[in-house]
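Paired with chain B in one complex and with chain C in the other, chain A is shared by the two complexes that follow.
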Partner chain A sequence: MSQRVPIRSTAKMKELMGFYYMMAKAGENDPNQKIAWITSGGPVEILHAGGVIPIYPENVAAMAGTMKISDEICAVAEEQGFSRDLCSYARTDIGSALSGKGPLMGSASPKPDFLVCCNNICGTVTKWYEELQRIFNVPLIFIDAPFQYGIKDRPEAIDYMEAQLRNMIDIVGEITGKPVEWDKFMETLELADRAVKLWREIQDLLQHKPAPMNSFDTFIHLAPIVTLRGTQGCIEYYETLKAELLERIEQGIGTLEKEEYRLGWDNLPVWYKIKFLSERFSQHNSALVVSTYTRSFCYQAEDRDISNPLRAMSADYLAGYINHGIDFRERELYQMVQNFSLDGLVMHSNRSCRAYSFGQYELARTMEEKYDVPVLLIEADQNDTRMWSDEQIGNRIDAFMERVAGKKKRNIA
Partner chain B sequence: MSEYFVIGLDIGSATAKAVLLDNEGKRLAFAVRPTGGRLVQSAEDVKREVLLQTGVSDDCVKAIITTGYGRDIIQNKTKSITEITCHAKGAYVMMPEIRFVIDIGGQDSKAILLESDGQVGRFEMNDKCAAGTGRFLEVMARTLGIHLDEMGDMAVRSEKSSKISSTCTVFAESEVISLLAQGEEIPSVVSGLCRAIAERVQALVSRVGVVPPVMMTGGVAKNKGVVNWLSKTLRQELIVPEEPQIIGALGASIIGLELIKRSKGSLDKIIQNI
Partner chain C sequence: MSLNVRELMKPFMEVQDDLYCFAKRAKQAGEKIAGYLCTYSPQELFHAGGYFPVRVIGKEGGTPLADQWLQPYACSFAKGVLNLGLEGDFSFLDLVVFSHTCDTMQNLAEAWRRRVEGAPVIVVSTPNLNAGDIALNYLKRELARVKEEVENISGSKITDEKILESIHLYEKHRNNMKILYQIRRESPYLISGTDMFLVVLSSFVMKKEEHNELLEKLIRDLKSITPEDVKKPRVLVGGSVCQAQGFIQSIEGTGAVVSDDDLCMGSRSYVIPPVPQGEPIEMLAQMYLSRIPCPAFYKPGYDPAQVYIEKVKSGDVNGVIFLQTKFCDPYAFNYPYIRKRLEQEGIPSLLLEVEQNQPVPEAFRTRVEAFVETLMNR
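Let's look at the complex of A and B:
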């Protein structure tokens, strides 16, 4: 295999993320700097506008996963009686909070002054953040995002979100002792909106054949949109990355010597097996070019009212993939198959993430029977290595690729 | 005498299997031996055995296709292919009308849907757990102090079938001991064990969605107790070939033959064709 051309921007991202975590660590000792822990689907724009540094336990847990230290941190939570059946991010985070161990220069995240939990990503976060509230004894702002069963989001749910976000703006002002300035908030929303659009454009560039980067790259380049959405730094970073990808497209640089097959990924990555999976799929000349997971951070409501940014934001925070039922997910998956010219889908049935894994067997059957798309289900866990077996998963991937290759050859013939 | 020969090697977790075909696809010999942790040696042994049985020399073997868990560590192979593809191919060659294969081997069980042209469709494999596999039966035979081969007939003859609630190999072992202590007869326990496997595999099969006719392959298909219970649970007739254990190796050898035919005999072209 020829030498892979690395993505230059990665170094800049490491710099950006390193600076962010350094500032957060420094903020821990500054009495005037407030820090909030927030769920990945939480309305972070209000925090940025209020001068609060957001920390994402899920992002920190994923770092622990890629650094392969999540098992020992999870064990701390398990020793305290948290079940192994509990989400491994929650166990990593709680274990980290209890022990002080973590991936940020060997230590845990800076302690929070308050917590923001939005249940648009799962129900587990509700109890998880209540647990954090008990550990740190700090205020918890809870945003309840109703699950959307239909394809079209319900207007009364948007009303409900809007009322809660308005309330949150006031509470954040009370906690920091300085009301969130409306103009600053509007400016933050605009920055967030630009970053989200860039992130979507970047992922859409992978529709190109060969794809200028793959999903294993997007998993890594996801960090700024999650943590720094609503800041100038986030936009600058994605502008750089986008320019580099356009350059790669122009020069015909892909990620494999020969990109024969294109696949989509569903659910969170298996953080501690990124390299294994990337190499195994590469052996079959197969590139993962799109994932529902990384696209989750650029969902915007379909008929959002752009003349009313708070209203649009309220709708956006309901609009994510996993806040929706099966019909919505089927539509999204099939659009991915078409737009990215996929030969198959890989679904990670993730023991930790029930909200995401729910319905996957039904979706897999639908994709196979209704749309004739081969689907591989991999049973694993995002952060718990004990749920993984190289041999078994490798075998499934090999068999699946034999099937995909056979099908493609027949279709060509 | 055939111009050339092809060997399919299926190196599983419990046994190694070899099948030798002539250039017209006629099966001339097969061999089965326990792997016993020595994958490479057992592969060499079964290969030697089929050559010895037929008097074919090494030089006349044009392709060796390997499959099973040990497929990649075997040297001098033409190509390795997963057992999913090989079992599907083997079953299809035995009976082209087959639409579904249930393969239960030493450490995994598989449910494979076949397209009408014999290609692999959807498939599922067991979890990272030995429940519902041949290893489960092996451990239980040892616990009961009986031979693995006796289990099938014993289960079929038993009028009673003990309820085994656990499918975990480790916990089922202690459950079996406690059932015996309570005075349950061994045949009744054996029948219960066969049913436990059948129920476990049924869940796997249902995830794919069974389409008849169904063939059962792999070593466990030799156990009539499991076959009967599985057939009852699935409400499907199960076709068991005469030598269910060698279907993977057979499929591998057929794939080898197809590669040669497609490449008009040239080995370089075979590799290009893959």
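Let's look at the complex of A and C:
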């Protein structure tokens, strides 16, 4: 088993996130404090600028998954008629909303005053938030981010986003009873922009050999960029983390005793098996150094107009990996392989996420045949443990690593 | 009764042997065929552009080729049509049209574009927000863009006059279908739901001009018949797609009559409010957004249960059968709420999970039988 020097900043992140959840819980009982539930790809900057506390059902569901309580919470939704084939985050969240059970000190998230749903991550959130609207009987702001089939994003789609975001700014003002101040909003966008860039820099530091942390860490350190994007606290945290990673690079600290192989990860993590996967890959001296999932939170549009921040924001919210077709994904994956010197790719075929997973077979084939990159496809689920078998997946990882090792040896020889 | 219903149904039955016999004949005569996968594809534009639009529908059969593209947790409709596409069944198409709806269709469009040889693929970015000026403006721009794309592919301009002609033809067709739906609500025993399904199926693959003629004759003939005095439980069938007549036939085999539906392969495509006059692209955009939304879409203020309750009450329906295509997320998300509301209204319902590309299983019939029996005893 490899030795690991723990990442100090983790404690600071726990503190930051703990404080945030405490504030959110306190906000629930404060009639002047509005709380909104929002999707992970949603335009949270408008909420921060309007003084609204955002709650991320996806984050909360992932916490439930990590704490291994998602199965029993999902069962509550299933009893109400929600099919087991539906997204396990949605089932976890709906089950939590219906039962009051959840990972935040044993209870569910603070109740929302309104909901914000942006479908730039999937169509499932559209239906999930419709259900939340029925459960809580509160306003729903729906932001329709058209899926971009081509590599270049369409200008009419950016116009459509901009009109919707302007509309959202007005609605948030109406709900809180205080119009969102433009200056405050611009300042929030500036803070968000800095945080997004930091988050990208941090992930790019993993291009270094050995990588100063691995993707399993990155999954954990994702929380602030999702939740607190647009706040000072988020920037401070990522500056701390970045400094620590630079220090680790300087001292040559990696995450393994010997980093022999470098892998990329596609799709959401398997939250309840992070430890298992991390250990299994470590046994083969292989580090996961990049993932399409954590990079999804630092996409900025390619030709964004920085002189017009709202316009740039409108383009950014279309720009994510999973809001794009296969040609775009192919390009991104191959860039990852090159930039991070990957020896292979691990693709989590995630039963919960059709938006992310369909197309992976084609991408895997393309990576193998066109670019000669070994790919491992793991059939699993982000939160539903009933799909998983340690033995089966473990064996597949072992076999895959043999293939990766064989190829590397041949390449060297 | 002098008219024989089987005689009346004959012209619609040709599709039972080959769904695309009309398209293939037209193709042989030199016409261009556009295949669309979703009824939100603006067929009027393709019709105006000189294409004969037919709906791409799957059939019974395995999906070994599509399984190379889509995981086991993809819906059977997507897999079924993709498999046919990969096998070359749709090689007679000159154009393939997708509309953005759900995550599965989105990836199906990508699969088709990358791997199915032949016709160019157009994807219409239909807004998933189905109300308000912002969405309307986006759809208008998108339809204008699609029109241009069709013009570029076909090499000929599509005039406003042509689009208007097509709009009127399609609206006339919808009106005829609406009348038929109304007749069936009032007298569901004149023709069975199984026959009605054939009428619907043929409506997607025949020329609207020809289908209009057939419909008008059918409506005249049906109106001349005095309904027999029969009493069967009336069932409404709800779901997303339903491509096999077998489901309806099996339900009616137990002694019920399927008198109405909430299906995109059914009333959702036809029972649409009249289009207000205006500039053609605007008319089309208005029309598509005024539909009872596909379950994948969000329409502020729209209540998915209300449609069921209204149909049940106005059509003396005795029970609802949900044909839930396995892995169709949008409909599965609607189901618990609709069921709950039906329960509150005292309307019995039954959920049946179905695979679109497989024969109707014995268990399906058994469960329907038990359900219909409870309806008879109420």
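Here is the rule we go by: the second predicted complex is superposed on the first by the 411 of 413 C-alpha atoms of A that agree within 3 Å, B and C clash if a C-alpha of one lies under 4 Å from a C-alpha of the other, contacts with A are read in each partner's own complex, and residues count from 1 in each chain.
Here is the rule we use: a residue touches a chain if its C-beta (ideal position, glycine included) is under 8 Å from a C-beta of that chain, and two chains touch if they have at least 3 such contacts.
Note that the coordinates shown come from a computational prediction; the quantities given were computed from them, not determined experimentally.
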{"item": "Joint occupancy of chain A by chain B and chain C, clash or fit", "value": "fit"}
{"item": "Touching partner for A:241 - first (chain B), second (chain C), both, neither", "value": "neither"}
{"item": "Which of chain B and chain C A:85 touches, first, second, both or neither", "value": "second"}
{"item": "Chain B versus chain C as contact partner of A:410, first or second or both or neither", "value": "first"}
{"item": "Chain B versus chain C as contact partner of A:49, first or second or both or neither", "value": "neither"}
{"item": "Contacts of A:157 with chain B and chain C, given as first, second, both or neither", "value": "second"}
{"item": "Partner chain in contact with A:361 - chain B first, chain C second, else both or neither", "value": "both"}
{"item": "Following superposition on chain A: angle at chain A, chain B versus chain C, Cα, nearest 10°", "value": "80"}
{"item": "First, second, both or neither for A:167, with chain B first and chain C second", "value": "second"}
{"item": "Greater chain A contact set [chain C / chain B]", "value": "C"}
{"item": "Minimal inter-chain CA distance - chain C and chain B, angstrom", "value": "5"}
{"item": "Where chain A meets both chain C and chain B, residue numbers", "value": "361, 365, 379"}
{"item": "Sites on chain A touched by chain C in the complex", "value": "80-83, 85-87, 90, 117, 119, 122-124, 126-128, 130-131, 134, 140, 142, 144, 146-147, 149, 154, 156-157, 159-160, 163-164, 167, 325-326, 349, 351, 354-355, 357-362, 365, 379"}
{"item": "Chain B to chain A touching residues, read off their complex", "value": "69, 81-85, 108, 117, 119-125, 127-128, 207, 209"}
{"item": "In the complex, chain A residues that touch chain B", "value": "361, 365, 368, 374-375, 377, 379, 387, 389, 391-392, 395-396, 398-399, 402-403, 406-407, 410"}
{"item": "Touch list for chain C against partner chain A, complex", "value": "68-71, 73-74, 100-104, 106-111, 113-115, 123, 125, 127-129, 134-135, 137-138, 141-142, 145, 295-298, 300, 324, 326-327, 329-330, 332-337, 339-340, 351"}
